[in-house]
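Consider the two complexes below, in which chain A is the common component and chain B and chain C are the respective partners.
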Partner chain A sequence: MSSSAENPTLTAEITKPSTEIATETAQSAKKITLKTSDDQIFEVEESVAMEFATVKSFFEDAPSSTDTVPLPNVPAKPFSQVIEFCKEQIKFKANPDETEKKRSNSEFVKEKTNEDLVEMIPVANYLEIKDLLDVLNQAVADRIQNRSVEYVRSFFGIDNDFTSEEEALLREEHAWAFEDVDED
Partner chain B sequence: MASPEEEEEESLDQLPGTVLGTIISKLDVASICSVASTCKTFNACASHILTFIPSFHLLDIAPSIDLLRPLLPPNPYLKSLKLDCARLDDSAINVFVRDSLHQLYLHNCANFSGKLISEIGGKCADLR
Partner chain C sequence: MKVSCHSLFICSSYCKRSRTNQAGAGAMPEKIPKLPSEIISDILSRLPVKSLVRFKCVSKTWCSLISHPGFAKEHLKRAKEDTNANHYKIFLSADPHLSIDPEAFFDADENLLTAQLNFPASYSDRNSRIEILGSCNGLVCGLSHRNPLIYIWNPSTRESRELAIPSSRELAIPGSSEDSAFYGFGYDVKLDDYKIVRGYISTSTNSETKVEVLTLKGNKWRTIQDLRCGVLLRGRGTSASGILHWLVLRQENARSIKYVMVSFDLSEENFLETVPLPGPTGDDNIWNLELEVLGDWLCLYCYRGGLFCEAWIMKGYSREVSWTRILRFNIGEPIPGGKFWLRLLWVKKNGNVVCELNGRDVVFYNQNEGTARAFMIYHEMGWFDATVYMKVLFPLIISMMACDQAYN
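After this line comes the complex of A and B, so read on.
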C-alpha cells in the first residue's frame, strides 16, 4: 500500500520536473512577517520586503532575525496598497522596461482615491520607498494643480488656521491666482 | 530649522514637511499662491519654495510690480524666468533680474527702454 502510494509521487516528479522546481521555489521563498500599527500581521515575500529601505536596514543590522518586524507608523490599509505597488516594481527589476513601468505606475495611481494617495505618502516616506514616493508626489501635485483653496483643504484634510482677516488679506493678495481654477 | 518642521508635521498629522515641499515645488506659480492660502503650514512652505525653485514662469497674467515683488524673493537657484511685462517698467529690473538666470523670456516689454535691455545683458552674464 505504502509503495503504491509513493510511486505516483515519484512518477510525477520525474515527468513534471519543471512544476516541482517551481513549487519548491515558491515554498522556500523566505517570508518576512510585519506588524502594522493597527496590529495586523502581513506575511510578505522577502524580495518585496527588501523594497522597504527601513525594513532592509533592520535585517542588515540583524541578519538572522526571524522576529516579527513592528511598523509602528504604518496602518494596514495604506500598507496593503504599498505592497501592491512594490510587487509590481520588482517585476521591472528583473525585466526593465521604462515605458511599461510608467504605464503600470500611472495605472496604479489612477485607480486610487485622493484619500488613498494622502494615506500612502507617510507610509512610503517612513519605509523609504523612493520610487513610490516620487510617483505619489507627482500624482498629488497633478491632482491639486489649478484647484480651489477649498478643494486643496479637503484633499489633505487641512484645518484652516487663518483668522478671517488674514484669509481675506491673502485672498486679495493672490486674487489673480484664483481666477480660472478648475471646478471642484 | 528643525523646530518649524516638527510643527508642520504635527499640524498636518501625517504629511512630512519635506514631502509637502516636494509636492508644492511641482506646482505652477498660480497654484503655489493658491495653496499658500489654505493654512499656515502651506503658506510657510510656499514662501520657502519661492526661494529655491529653478524656474518661475508667469504668462497667464501681467503682474504689477507690487504683485511680483513678494513672489520673487532672493533665489540663488533661479535659472529660468518667463514674464509678461505689460504692466512693468524700467524700475522692475531690480526685482526680476538675477545673475543666476540662464533663460529669460520677457513678453510685452514695450515699457522697457533700450538702456534697460542692455543693462539686463550686463547683469546676467550666463544668459543664453
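After this line comes the complex of A and C, so read on.
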C-alpha cells in the first residue's frame, strides 16, 4: 500500500468497496493500481480493469508488471463513475441478460447530471470502453434531441460564432425545425 | 478511404477550437471538457433530422459538420442499423401530401395519425397530382406534368432540387405520346451518387427502347445502350441494393403469358439476366404481381386467384437468387374490395401489414386476428400514390452562405 502515505483519505475510500467484493467472492482477487491525471490512486479489481481496452493492452505488452498504471487523460471524478459502470457490466458477462442490461444501463445514465455525462465521455473514449461510450453518446443524444440551440450550446460549452445576421438567416430558412422545442 | 476525408474536414476546424480553448482553460475552472469531433459526430448521428436542422445554428463547426455529405452518410448508416426506432415513413401523395409512421398505429387507435408534408408548391400540378418516379433511402424522385419537370425531394429536410429534363421534352411524360416510358431512381454505390434511369420507345428507330441516365451530381442526361430484352418496360422501377427492378408480362406462347423481372445495375449501367420468380407465377389465376422495398430487401407480392396475398423477399442475385415467403393472407375477406387493387406498403415489426387499397384507403391488417382497419385518404383526383421513405439528412443544397464562410 505505497499509496496510503501519499493520499490516505482517498485510499480508504477506495479500499472500502474493494473489501466488500473480496468478502463476497471469499478470495482476494488481483488488484491493479491506476493513477489519474489529478494524481489520485485507484485500486481496481483486475476483471474490472480489463474492461478498459487501453489498460488491457498495457498489460498485454507487459504481463508481469506490478507498476502503477498512469492515466494521464483521466480525472478522478468521472473515473470513479466509469468504474461503477464497469462493475455492473462484468456481471452481465457471466450472466447475459439483454433486457436487464438495458435496464441497468438506463438506470446508470438516469442518475447522472449533464456535466457527469460530458465528463465521462472523454474517459470512456480514452480507455476504449465501447459499450459505455455507446451508452453515454446515446444518453446525450436523448437529452438534447428536443432542446433549443441555446441549451445545446451550454450543454457542450460551445461559443456561438455566428453573427446575429447569420443566425437569423439560418433560423428563418429552417423555421419549421424550431417548432415544438422543449423549454430550457 | 471515405471516412478520412470526412474526419479531416472536421479536424481542421476542431483543432483551431481546442487550441483557443486550452488557452482559456485556466481562467474558467468550471469549464466543460471539449469533446473530440468524432464524438460530437457520433452523438449527432443519433439525432432525428429535425434536431439536426435546428442544431446547424449552434456554431459554424456544427453547421459544417451537419451539412457535410460524409455526415449524412453516417446518419443514414446508423438509421439502417438501428432496430430500436422506426426510421421509415410512408409518403402519400394526397390532398394535402401526408406522411404516416407505419409503426405508430395500433389496432385500438380510432384515428390514423398523419402529418402534413411541406411539398414545394411550384412542383405541384393542377389538382396537386404528382407522379412518383422512385424512392431511395430518404429521397423521393418525382415528375410534374405541368411544366414538365423532374425533381428530387427530401421530405424530412423539406429540401428539393429541380433536375434537368431530357432533351426530347415531350418524351418526359409517361402516358402521353408513349405509354411505354419507364423510369427508375436509385443509388450507385461505386459512384456514390443517385441516378435516374429513363427509357422510351423511339418511333424513329426500329422500336428499340432508348435508355438515358442522369446522375444527381452531373445533372445531365446521357444516352446508354439500348434495351434489347424483347419486352416492353413501363412504369417506375423498384430500387434495392443498387439495382432497379421492373415486372413485365411476357407472352410465353399462344396460350400463356408470364411475369418476368427485368433488372438494371445502376453502377454497371446494364440490364441483367432475368431472375426467376418464386411460386407458380405463370399461373392463370394470378391477378396481380407488384414489387416494393421492405427495408433493404426487394419484396415481391402477388394476389393469387383474388383470394390470397403473398409476399416474398429476394436475397442474392442471378443464379444464386433465393426467395423467402414472409407472409400469406386472405384478401377477399376481411378487406372489402381487397381483391381489386391491393398494394403492400409495409410489414410492421409485430407482423401486421400496411396496404394501399384501390388508391383510396390505407389499410392496417392484423394477421393474427384476421381483422383490418381502413382509413380513407382524401384526394380530389380520387386516388393517391404512396411510397416508403427514410427519415434522413441527405443534403440537396450543399452551399449555405453562413456555413461556407466558416471554411472559405
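Operating definition for what follows: the second predicted complex is superposed on the first by the 156 of 184 C-alpha atoms of A that agree within 3 Å, B and C clash if a C-alpha of one lies under 4 Å from a C-alpha of the other, contacts with A are read in each partner's own complex, and residues count from 1 in each chain.
In the analysis below, a residue touches a chain if its C-beta (ideal position, glycine included) is under 8 Å from a C-beta of that chain, and two chains touch if they have at least 3 such contacts.
Everything quoted here is computed from the prediction, not taken from an experiment.
Participant: Looking at the combined model built on chain A, do chain B and chain C fit side by side or clash?
Facilitator: After superposition on chain A, chain B vs chain C: clash.
Participant: Based on the superposed arrangement, let me know which partner A:161 touches: chain B (first), chain C (second), both, or neither?
Facilitator: both
Participant: With the two complexes superposed on chain A, say which partner A:76 touches: chain B (first), chain C (second), both, or neither.
Facilitator: Touch status of A:76: no partner.
Participant: Pick one for A:153: touches chain B only (first), chain C only (second), both, or neither.
Facilitator: Once the two structures are laid over each other on A, A:153 reaches both partners.
Participant: Identify the partner contact of A:178: answer first if only chain B is touched, second if only chain C is, both if each is, neither if none is.
Facilitator: A:178 contacts both chain B and chain C.
Participant: Per the contact definition in the header, classify A:50: touching chain B only (first), chain C only (second), both, or neither.
Facilitator: In the superposition, A:50 contacts neither chain B nor chain C.
Participant: When the two structures are overlaid on chain A, which partner does A:141 contact: first (chain B), second (chain C), both, or neither?
Facilitator: both
Participant: Once the complexes are superposed, what residues of chain A are shared between the chain B interface and the chain C interface?
Facilitator: Shared contact residues on chain A: 118-119, 121-122, 125, 133, 137-138, 140-141, 144-146, 148-149, 152-153, 156-162, 167, 170-171, 174, 176-178, 181.
Participant: What part of chain A is in contact with chain C in the complex they form?
Facilitator: Going by the criterion above, the answer is residues 115, 118-119, 121-122, 125, 133, 137-138, 140-141, 144-146, 148-149, 152-153, 155-162, 166-167, 169-171, 174, 176-178, 181.
Participant: Give every residue of chain A touching chain B within the complex, in rising order.
Facilitator: Listed in rising order, the residues are 118-119, 121-122, 125, 133, 137-138, 140-141, 144-149, 152-153, 156-162, 167, 170-171, 173-174, 176-181.
Participant: Which residues of chain B touch chain A once you look at their complex with the stated criterion?
Facilitator: 11-16, 19, 22-24, 26-31, 33-43, 60-61, 63, 67, 70
Participant: Can you list the chain C residues touching chain A in their complex?
Facilitator: Of all residues in chain C, those touching chain A are 31-36, 39-40, 42-44, 46-48, 50-51, 53-63, 118, 158, 400-402, 405-406.
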